Amino acid sequence: MNEFLTHYAFLIVPIIKIAILVLLVLTVDAYLTWLERKVIAHIQSRWGPYRVGPHGLLQPLADGVKFIFKEDPMPAGVDKIAYFLAPFLTLMLALTSLAVIPFGPQRFTIWGYETHLGIADVNISLLVLFAITALAVYGVALAGWASNNKYSLLGGLRSSAQMISYELTLTLSVVGVLLLAGDFSLRSIVEQQAQSGKGLVSWNIFPQIIGFLCFFTAAIAETNRVPFDLPEAESELVAGFHTEYASMKFAMFFIAEYTSMITVSCLCTILFFGGWLSPFPVSWTFTQFLPSVLLIPFGLWVLYDGIRYETIFGRLLLPGVGTALLALGGALLAYPAINGYIQGPFWFFAKVFVFLFVYIWMRGTLPRFRYDQLMSFGWKFLLPVSIANVVLTAAAILIWGKH
Amino acid sequence: MTAPLIIFFVLAALAIFGAVSLILQRHPIYSALSLIVVMVALAGLYLLMGAEFVAAVQIIVYGGAIMVLFVFVIMLLNAGLEERTNFSGLATYAGIPLALAVSGFIAAAIARSGGYLPAPAPSGALTSTKTLSMLLFTEFVYPFELTSFLILVAILGAIVLAQREN
Amino acid sequence: MPIHEHLRPILEYLWIIPLLPLLGSAVNGLLGAKWPNKTVNAVALGSTGLSFACALEAVREFMAGGQAPFRKEFFDWIIAGNFRAGFDLQLDQLTVVMVLVVTGVGFLIHIYATGYMAHEGGYYRFFSYLNLFMFFMLILVLAANFVLLFVGWEGVGLCSYLLIGFYFLKKSAADAGKKAFIVNRIGDFGFMLGMFLLFRAFGSLDFQTVFAKAATWQPDTVGQFGTLTIACLLLFMGATGKSAQLPLYVWLPDAMEGPTPVSALIHAATMVTAGVYVVARSHVLFTHSPSAMYVVAIVGCATAIFAATIGLVQSDIKKVLAYSTVSQLGYMFLACGVGAFGAGIFHLMTHSFFKALLFLAAGSVIHAMGGEQDMWHMGGLASKIKVTFWCMLFGTIAITGFIPFAGFFSKDAILFAAYQSENSGKAFYAVGLLAAILTSFYMFRLVWLTFGGEKRYDEHHVHVHESPGSMTVPLMILALLSLVGGWFAAPALWGGPNYFAEFLSPVFGNAELVGGEAAHSLELTLSIVAVLAAGIGLIVAWRMYSSKVVRGTSTGLHKILYNKYYVDELYQATIVGPLVWLSRNVFWKVVDVGMIDGSVNGIAHGTEAVGDTVRHAQSGNVRSYAVWVIIGAIVILAIIFWPLWRPAFFVATSGGVR
Amino acid sequence: MVPTNYYLILSAILFGLGIVAFVFKRNIITLFMAIELMLNAVNLAFVAFSQSLGKPDGEVFVLFVIVVAAAEAAVGLGIVILTARNRHSLNVERVDLLKL
């Protein structure tokens, strides 16, 4: 048994990792929808989902069930193959793009197979990411074209034009970072930011602030999120490219969208905000206790909130969760050695969460672009700025060298 | 039969399948999609050979820009199934055999001459992106500039063509 | 060896000398059409004057440099295999003389022309041509290899053509221009052949290399002459064309159709002496082939006497001078032929002074007579146009060789050299002396017919008037020069050194500096004889023309001479006529119309027919075009790979042949 | 290790298929795709050679080819759009006015 494992570890371990990641991501997506609805609701001073489970925590499950069991009508005169292909393609690409993202520094060995946090460690991972996002256009475009519906077609056209236009910026705005790192591998980009060991100050965000702004804007456009969600502008195109999609296929588009949000957030984190690095200098070892120290008050709050919750279920569930969190925090304090391991993932996911929140926040606040505005903004403002950023960075490196 | 060989045959089969389906499909969209398949397969082959940067560029530019443009135009013109007219007798009767003859020629020539070539170097060892860019900006800088000029001209030409005369 | 380069600005940039006239020519020719005469004068005179100044400066630097021959390759012009023709200029003693003569006399004649041409049309054109001529002439004399020299050679020919035919509306002028050009072509043909032969023999056309190799040249026999002999004769053929020697002299008298300054500058002072210059420049070659030298001497001698005889009876004042020029050139070639190159160049210089003077004076006379050129319609002008008269008299005395004028010394040197030369020198001397007598006769005849006796023209139509200062001042300067021009050689008379010959000796070697007391006494006697000869001519002319003269009907010998021995008619009958017939009936009607036009039109028609048939392949259907492309590809591939596959086509495996 | 020959033969096959497509298809846009296919085949050959000869020049040329292909697509598709606009057909055999 054991030697079987050691012999085929190179095959088994990645499969396991992939399974874990996919499950994780799907869950995160589900609760991302919940979070989005909650946050936007509060922004608009509403309650948001509240019925299913305490604080509507089980809403995602309900949605999932609905998606699965809902009828899936196919409109007349659609191009069947493309119609089916589109959502699968979209989801597949979205999930694939996560494969090259490293979540933490550690390398560990399972059954004699050395591996790390994250699926694949390609040395041109950034390029691979861009390649995959580049292909993501087809899903939307095909969906729009295949559903044999004017609005959808318009949506598809819009998305293809928009994605091509903003992909330029997306790629160019990263060049600055690449110049600093001198490598395409996301891992080495993070390590380059860690070199000085001074924490926050050595992150790319400071030299590359312009690049970051361009990148984030372009990334939002690439993911068809507000304020760039013209392909699915409900006020103009009903629901754009996925008007004719229902139930599971629609869910695929949905999941794909949220997954790509996660991907983009991860990218922003890695490229500009030092990935899994802690913002504090390495010398401040005591900051390693931060996660556990954060857990305890959170657990306390959940406990307190749970006790005075109105539904029985809530009163049963929430305190349990709270005590679990407290226990976890206590354990971490008890066995400080663990902290060293969870540092990386902790900071990484914390930063990613911030970006996801920003996404939702923007959706809550910003209005949608008009199409011509979108184009002129992308071509006449964003692109020149990112090019200028490249030139400036190159000049700076030429003059002062890399830091 | 080693792993690379297996991968090669899979990808090659994929590429050939794509090319054939490009020919057989009657709707341009599907031709385009099958061409994309070919390109992805080729990108995989490049990776197999260790030309990673070229592979990435192949996907990004060909798959992500050029073919998107094709699909876009096909959608824009709402191109239907192609009609199989046969106005050119020459092409109808002589076209396919001659085309096959040419490919036969080339294949035979390669089969003859290619034997003298050494086997590819171990993957990735050869061309890091750095060496490639060094080459591009030192030895090939003049053609590089020329191509940039070509791009500019192409942009202008496309604009001039696309704008409605008024 | 270049010493003190910083001290010799002009010498290091020698090209400035020819460049200036070229600029002047370009400016005048391109912009001058609308300009007033003053501006054109400024440009033309400025350029030539500056170039004269530069030449003086260059010579000064040359002298300062210890007379070291200067040579510089400015840029490569033609490079083909081992053949190199560069823009190389050189400056040695011979060049110094030529450059000074060309620029100096040219400058004076320019000044003169501003007055003479003042009332003519195409003023700017005239000066543009004139400057252009200066440019080419300077290239000719400064060139350091045969090719560049040939450029100048052809250029002056061109300018001569343009200027002879300056009044191109007048048919005779146009014809004269053509005649000059064509006759020169014959000579140039020989010249080119000579160059080719030299290149074949020495593998270079550079003066240095050619002469260096020629100095150590083993006589061979190509034909039954040596290569050198043939080359020299071919070069000399060119010289006869350019310098109007027998048998190619016929163009020069007709060239008198051009404006008088042109006759003075080109056809007396500078261009026609180019032939002499070339012979002198390539003296190394000539001295290595005595037979060629002998030919030169004979031709020169014959021309001298021949032209002089014709000159005896001409009635047109310029024609007389023209024939006199031809005869004087004959003298120079005689000198070169007997190896007295120095003497030849010396005579070239003095002749350029006094012959320019004579022509200009004649021009002044014509100006005064309102365009009349026939001496029989002149007479008694001495009192009316004194300056011109005296200048003309100076020139006459100079050319006839009365001591102490320039002509005396140069002509004396030539005759002396001829007398001393071993093979049939005496005969040469005798003929030369006879020619001298004739010269003095026709020159004084000219003077008396023009200025002496009573007037033979109609007061009412022509009112004689002295020319403006712009014409008379150059006359006086030239008169002075033709007086003192020869005094370099004066000390030789009382046994002193001949400065001119010594100055040139580095170029020519001490070939003709045969000193010795006996030689000196002989020289004295010879010169006395020469003066006496001139005197005879003077007396005869005085006897015949000083008193009242009437133009008799020309008969017998006089008629033959007056018609120039019917040479033109002879050429017309033997050469020109047949050629014209040939070109009209064969080259035009058969070759041109039949073959050339026919082939051109045939090709056109053929193309059209082919297009008519093939164009149906142009179906406009892209797919069929694609198939055509494929067929082409197959053909190309077959051509490429056939040699690769001929052995056993299908043995080819993916493994290939290892 | 995969012998270079295999790559070359694959590229030859793809090229031939491109030619076939070019003569066989009627849709202008598809013709363009056929051209792209041939270009890709050539690229494959380039990379294969550069790998087997150990010189990266071939890959640089691939980059150039891709750039040229992009330019060609931009202009060509512009022309296609105009043609479709004026001739109301994408069939290359119906666009045959350019003849004598």
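Each chain gets a letter, A, B, C and D, in the order it is written, and its residues are counted from 1.
The working rule: contacts are C-beta pairs under 8 Å (C-beta built on N, C-alpha and C of every residue); 3 or more make two chains touch, one makes a residue touch a chain.
All values derive from a computational prediction rather than experimental measurement.
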item: Both-way neighbours, i.e. chains that touch subunit C and touch subunit A; value: B
item: Farthest-lying chain, centroid of Cα atoms versus that of subunit C; value: A
item: Comparison of B-C and B-D (more C-beta pairs in contact); value: B-D
item: Distance between chain centroids, defined by C-alpha means - subunit B, subunit D (Å); value: 6
item: Centroid distance [mean C-alpha coordinates] between subunit D and subunit A, Å; value: 37
item: Separation of mean Cα positions, subunit C and subunit B [Å, integer]; value: 73
item: Subunit C-subunit D separation of Cα centroids, rounded to whole Å; value: 70
item: Subunit D: positions in contact with at least two other chains; value: 3, 5-6, 9, 19, 22-23, 26, 93, 96
item: Junction residues of subunit A, two or more chains touched; value: none
item: Residues of subunit C whose C-beta touches two or more other chains; value: 619, 621, 623, 626-627, 630, 654-656
item: Each pair of chains that touches, named by its two labels; value: A-B, B-C, B-D, C-D
item: Contact footprint of subunit B on subunit A as seen in their complex; value: 79, 81-82, 122-124, 127-128, 130-131, 133-135, 137-138, 141-142, 144-145, 153, 156-157, 160-161, 163-164, 167, 171, 184
item: Residues of subunit B defined as touching subunit C within the complex; value: 87-88, 90-91, 94-95, 98-99, 101-102, 105-106, 108-109, 111-116
item: List of subunit D residues in touch with subunit C within their complex; value: 3, 5-6, 9, 19, 22-23, 26, 31, 92-93, 95-100
item: Touching residues (chain side subunit B, partner subunit A) in the complex; value: 27, 29-30, 33, 36, 40, 43, 52-53, 56, 59-60, 63-65, 68-69, 71-72, 75-76, 124, 129
item: In the complex with subunit D, residue positions of subunit C that touch it; value: 615-616, 618-623, 626-627, 630, 654-656
